[in-house]
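Each chain gets a letter, A, B, C, D and E, in the order it is written, and its residues are counted from 1.
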Amino acid sequence: MVRTRLYRDGNLVSEGFPIAEVSDHVTDPGNVVWFDLCAPGAADLERVGEELGLHTLAVEDVFQEHQRPKVDVYDSHLFITAYWLHLEDSRLHPVEISIFVTPNALVTVRENAHFDIDKVTARWDASGDLAKNGVSFLLHGLLDYVVDAHFDLVERFDEEVEALEDQLFEERPMTRQDARKMFTLRKNMVGLRKVATPMREVVNTLLRRDLHVVTPEMMPYYQDLYDHVLRVAEWTDNLRDLMSNLRETHMSQQGFRLNEIMKKLTSWAAIIAVPTMITGFYGQNVPYPGFGSSAGFWWSSTIIVVASGLLYLAFKKRDWL
Amino acid sequence: MVRTRLYRDGNLVSEGFPIAEVSDHVTDPGNVVWFDLCAPGAADLERVGEELGLHTLAVEDVFQEHQRPKVDVYDSHLFITAYWLHLEDSRLHPVEISIFVTPNALVTVRENAHFDIDKVTARWDASGDLAKNGVSFLLHGLLDYVVDAHFDLVERFDEEVEALEDQLFEERPMTRQDARKMFTLRKNMVGLRKVATPMREVVNTLLRRDLHVVTPEMMPYYQDLYDHVLRVAEWTDNLRDLMSNLRETHMSQQGFRLNEIMKKLTSWAAIIAVPTMITGFYGQNVPYPGFGSSAGFWWSSTIIVVASGLLYLAFKKRDWL
Amino acid sequence: MVRTRLYRDGNLVSEGFPIAEVSDHVTDPGNVVWFDLCAPGAADLERVGEELGLHTLAVEDVFQEHQRPKVDVYDSHLFITAYWLHLEDSRLHPVEISIFVTPNALVTVRENAHFDIDKVTARWDASGDLAKNGVSFLLHGLLDYVVDAHFDLVERFDEEVEALEDQLFEERPMTRQDARKMFTLRKNMVGLRKVATPMREVVNTLLRRDLHVVTPEMMPYYQDLYDHVLRVAEWTDNLRDLMSNLRETHMSQQGFRLNEIMKKLTSWAAIIAVPTMITGFYGQNVPYPGFGSSAGFWWSSTIIVVASGLLYLAFKKRDWL
Amino acid sequence: MVRTRLYRDGNLVSEGFPIAEVSDHVTDPGNVVWFDLCAPGAADLERVGEELGLHTLAVEDVFQEHQRPKVDVYDSHLFITAYWLHLEDSRLHPVEISIFVTPNALVTVRENAHFDIDKVTARWDASGDLAKNGVSFLLHGLLDYVVDAHFDLVERFDEEVEALEDQLFEERPMTRQDARKMFTLRKNMVGLRKVATPMREVVNTLLRRDLHVVTPEMMPYYQDLYDHVLRVAEWTDNLRDLMSNLRETHMSQQGFRLNEIMKKLTSWAAIIAVPTMITGFYGQNVPYPGFGSSAGFWWSSTIIVVASGLLYLAFKKRDWL
Amino acid sequence: MVRTRLYRDGNLVSEGFPIAEVSDHVTDPGNVVWFDLCAPGAADLERVGEELGLHTLAVEDVFQEHQRPKVDVYDSHLFITAYWLHLEDSRLHPVEISIFVTPNALVTVRENAHFDIDKVTARWDASGDLAKNGVSFLLHGLLDYVVDAHFDLVERFDEEVEALEDQLFEERPMTRQDARKMFTLRKNMVGLRKVATPMREVVNTLLRRDLHVVTPEMMPYYQDLYDHVLRVAEWTDNLRDLMSNLRETHMSQQGFRLNEIMKKLTSWAAIIAVPTMITGFYGQNVPYPGFGSSAGFWWSSTIIVVASGLLYLAFKKRDWL
């Protein structure tokens, strides 16, 4: 299905019409048009750019990799880059969403289908009474969906941190799998921060009155959106602190375990070395007291038992065993 | 008991009347009304919102989780989110407090009953001579109580850090329980910072003259409140420094203990290995000097005692034992 | 002796008169009055507050614990909180000094007698030619004395860091006492920073022209004071860096020593294990070559000496011993 | 070939003419002249400086080492320093590029030939339709090429970090080569940051309207350039975070491996020490039960097998082997 | 020789005249006077202060220790504090240089002779054509010399860091001397930062137009100076990063070596323990198979060789030896 929509006076007039019709609708300033391109070719995009009068640089930016979330302000339109995050095999894959904003048109360009645009249209339909705000309303619904996704990820990472914390003080030492989890979690948090924190600047730019993007009625909604973005950024920072707490406590636990093992090693090595030394004495081929006699055997055995026993007790008392 | 209050000209006129009466009282601008909702349903809140003319977004925010302390400024009212912290089993549980502020009404919505609203009313009654400042007075008493609770927590954490410090240089090595305490303390400090530091911005926003929240007479009290908030933030930062000092010293002590153990291990292993080697020599089935004769026994015993004794003294001197 | 002073036209007119007379002197704007209270009761302070027209909040603040250095600007007076630091048993104890500043009166309230007010009066007397600047002059002398004390502490900590540095590369490993010193030093540095860095803001506020605290003649002196405060802050930051250098080098030295010990352990264990193995061979009750014959003894002894000697030389060459 | 170019009305009129002709062309304000000097002598540069009326300080700066990327604004011209980065044997070598910008001339001075100026001219030719913007156009092409090179390096470092991450959890412990790679990578990242982050300030200064460097048509292109610079800076910061994650996980893995080895050491040492102790007992020259009889042999062998076996099973159960 | 100079209209008129004549020259505003005091007494300085009308505070500041680089602006003159750094026995010793700047006089006060004032006069003579700028010219030459010295130090530290880096991956482990070098280097870098970074503020203050210190012709030279100061600050920050890279890699190498040693210890201990155990078996005084017969000897020897050989091969394969 083609993703196109035409709003007039806050009502959804038409949906799913071919993109070719867009240029007709756009000429009437009373119309508000949206359409979506998923992984378009360069030619498709160029044609769209010409029809809507978009700047060449903005159109080229869509295909550049490694962008950062940003708003570019051109004379007749805005160009916004944002990132959806797709979690697969516990790795984050950013999905670029390029957005062109003209006074009466919104174009969304998705890098691939991992970003589900139907969820956005559903959100638009759910708050239809605000639709008369036109592009301002559509853009809010879209960005709100993106930021909510960031939020869900922070929440998820928070839970994973909690899960790792619960394991921290269990008897069982941390395995290689746990270490990998911790590593991946931290890596993903860097990945999230990379695309989430610049959103502050993006939304803040949109709030500028001279851009006329946000209608008065939509203002509280954009401010709410801004608040969400701040929350994501703050929470990520908090998670970072929790992660260092986790990591450092983990390191300290490792050191603790090593100390425990060394203590036991010292102690048992000493306890076993003593009888070996004594039997060595009684194994000499020299006439020591008790050589070849039962008395020698009893002496040897007694000394072994007593010396080992005393050592054992001494170590137990110092909590070395 | 229903928590409602009606002030007129700085006097508490009525208390505990049903919430249904609120809308009547509110229409008279000479009245100041307060009421409290504890864990209300969505329907309850919506009705209140309609009666007082609150913005839908603000009403919805009450039910959103993972908020951050903030002030939202709407045309006709303010919406404040703050957090009470409830410590149970040495874990911090944030309790959200949502506050609606209109020119002559204050509504408090508590997430649950862990936040004891009676303590707030008691505080209001204690400084009744300021009551003629209306909502400004009520809001101050409420926020002051919340910030004082943050303050008490920092104080408590400070004491816990002190207690851990005292243990640091005791003979007994740190146990798993101590490590857990340190971990939890640090985690709680992150939790406190999360809800305490944004209060700076909250109180600072309230101090803005164009909002007309703070009456001239209340101004020094709000500035005092702001000072409290700053103190909480600064103290938390200080505690953080003390915690890293604690943690790093603890790590270094661990290393120190490991060195001690290794040194003793080396030394005793060497001392015990020497007699074992000598008795091995005298246990050979070859006619070494003294083989099978008393002279051999005396030589063997003498060498063992002298060699071990010399080693023992040498190690003692180097402080290795 | 009661600590009171009356200045008129830059001259010290009267000293040591009872506090009861203060209210008479204060009414004449040509007089400048100072008096000091050491650990006063709430009633004493309230009476003073009434006589000088001080704000209730400021008076109450004197008794609140855990303040931070600050200036509160009230309509008719200033309220300043600063901290003296008292070092006892190598622990820092902050002593709160509350200062009320009216156009012609200065009141100092000391938490306890550890802050020696006579040193301040001596400083006032030493620069008596500036006394005609009234309260501005008195306040400068007081704050200068407090900041100088902070400065002396940083200097002292600097010396302690130097002393610890000198020990760092000595043969003797760091003892528990050294570790404790390092820990306490760092803790004290946090304590100093807590009360010293907010002094920047305090002095900066006093420099504001609209407060009319600093007379034109005193301006360079206050700027000099500000410079001192900055120096304390910067030096503390530098010490922090030096401390981490110290701490991290110390950790690395620990690791170095552990490596040394492990290397020696490995080497000696190998050297001693070899003769033990050989004598074990010649102790077998089987007719190995040389069993029961002198040739066996010579072989055994030769192998032991040669094998151990070769190992020893090999290890020496690799710098393992 | 001499690198010179003459543009007139956006058209490339002449190329490769001798530098001596430059002074003639420059006098006509309708001409735009570019020429390039590679590793020139002091005399060459001075002559150019005189012809174009460049400030002595700017000319001297070309030969000063250890510059930082910057823009110096002189009355009649700009002097820009930027850095190309040349990667050889996995070490970064900065190549200084000095740029003089007058209203109708651009002079590029390269420290050495590692910076390939032909790539820049190719880029100019590729976007020839903007050439009518004169110096503004030429400068953009040059800086864009430099910043793209920084970008390529960050991308490359990102891949190297990824490659190191993949190795992190392999069975094989990290070798010295891997450690060296990690070290060099981090060093190179510092080197890149040193020359890349000040570019923010450089481009930002060029964007200042009062300098008249950027023509209106070029403005979006310079803003795009600025965005690239920001991306390089942000990505470098992200890489830094990923590197610390990598490094700390690596450290923790080392600790983990050490614990594993210690555990095995303890266990096997205990298992082998036990039979040695038992055979020692049966090697004594005293009439223990079974001395010289077959029963003794069976007892000895049974105890050895059973004791070792039990120990082995016990250790396996505790996951110590 | 007395260090005094008299300039008139940009020409050096007189040199080496007694300081007593200074007051005569200074009265003529067409004259520019410089003189230098090295480690003067308090009385000397006071007399100079009176002659030139310097503020008491500025004169006193010269003798205060632990200053920070700063500019104090008095009504009729400036007071500048800067630091020369003298490296002796690889320790940095700061040498305070106090500078008084009046409209037509420059006074330099050196803490001691380690700061060689002849180098400054040589620099003045080298750029004599700027001398008509009077005090502005002299001050620039002086500060430029100081900042160049800071720069040389950073360069030197950079080389030392490089030298340490080269050692990092050599076979030979780092010795105590290397650790000391690293420690001293880092300490010196803190010392340099302490006096170099505040120079930013110093030069920036001098650039303020309302101070009339910098003449229009000197402006590019002061901006160049400012650029130098920035470079020192940035480079120091970069070195800090390189140092942490160095230090952390060094720590990690230590851990790596410890692991290596532990692995070898484990392996050789196991290999040597096995023959000891076997010879123990054949040393028992019980009739094991082969007791007293040649078969026993061959069995024993074969088992020893085979078991040890197998272990050796197994360990080699796992890269444990």
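What we mean here is this: a contact is a pair of C-beta atoms (placed from the backbone, for glycine too) under 8 Å apart; a residue touches a chain by one contact, two chains touch by 3 or more.
Note that the structure is predicted; figures quoted are calculated from it, not measured.
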Seminar exercise, completed: Neighbours of chain E that also touch chain A are D
For this session: Kindly list the shared contact partners of chain A and chain B, in label order.
Result: none
Exercise. Fitting the CA atoms of chain B to chain D, what rotation angle results, rounded to the nearest 5 degrees?
Worked result: 145
For this session: Take the average of all CA coordinates in chain B, do the same for chain C, and state the distance between these two points in whole angstrom.
Result: 25
Exercise. Once you find the CA centre of chain B and the CA centre of chain E, what distance in Å lies between them?
Worked result: 41
For this session: Would you mind listing the residues of chain D that make contact with two or more other chains?
Result: 251, 255, 258, 262, 265, 269, 273, 276, 280, 283-285
Exercise. Line, ring, star, complete or other: which one describes how these chains touch?
Worked result: ring
Seminar exercise, completed: Around the ring from chain A, first stepping to chain B: the sequence of chains is A, B, C, E, D
Problem set entry | Footprint of chain E on chain D - complex, ascending | 55, 57, 61, 66-68, 70, 72, 74, 173-174, 176, 179-180, 182-183, 186-187, 190, 193-194, 198, 247, 250-251, 254-255, 257-258, 261-262, 264-265, 268-269, 272-273, 275-276, 279-280, 282-285, 290-294, 296-297, 300-301, 304
Problem set entry | chain C contact footprint on chain B (complex, rising order) | 151, 155, 165, 168-169, 220-221, 223-224, 227, 230-231, 234-235, 238, 241-242, 245, 248-249, 251-253, 255-256, 258-259, 262-263, 265-266, 269-270, 273-274, 276-277, 280-281, 283-288
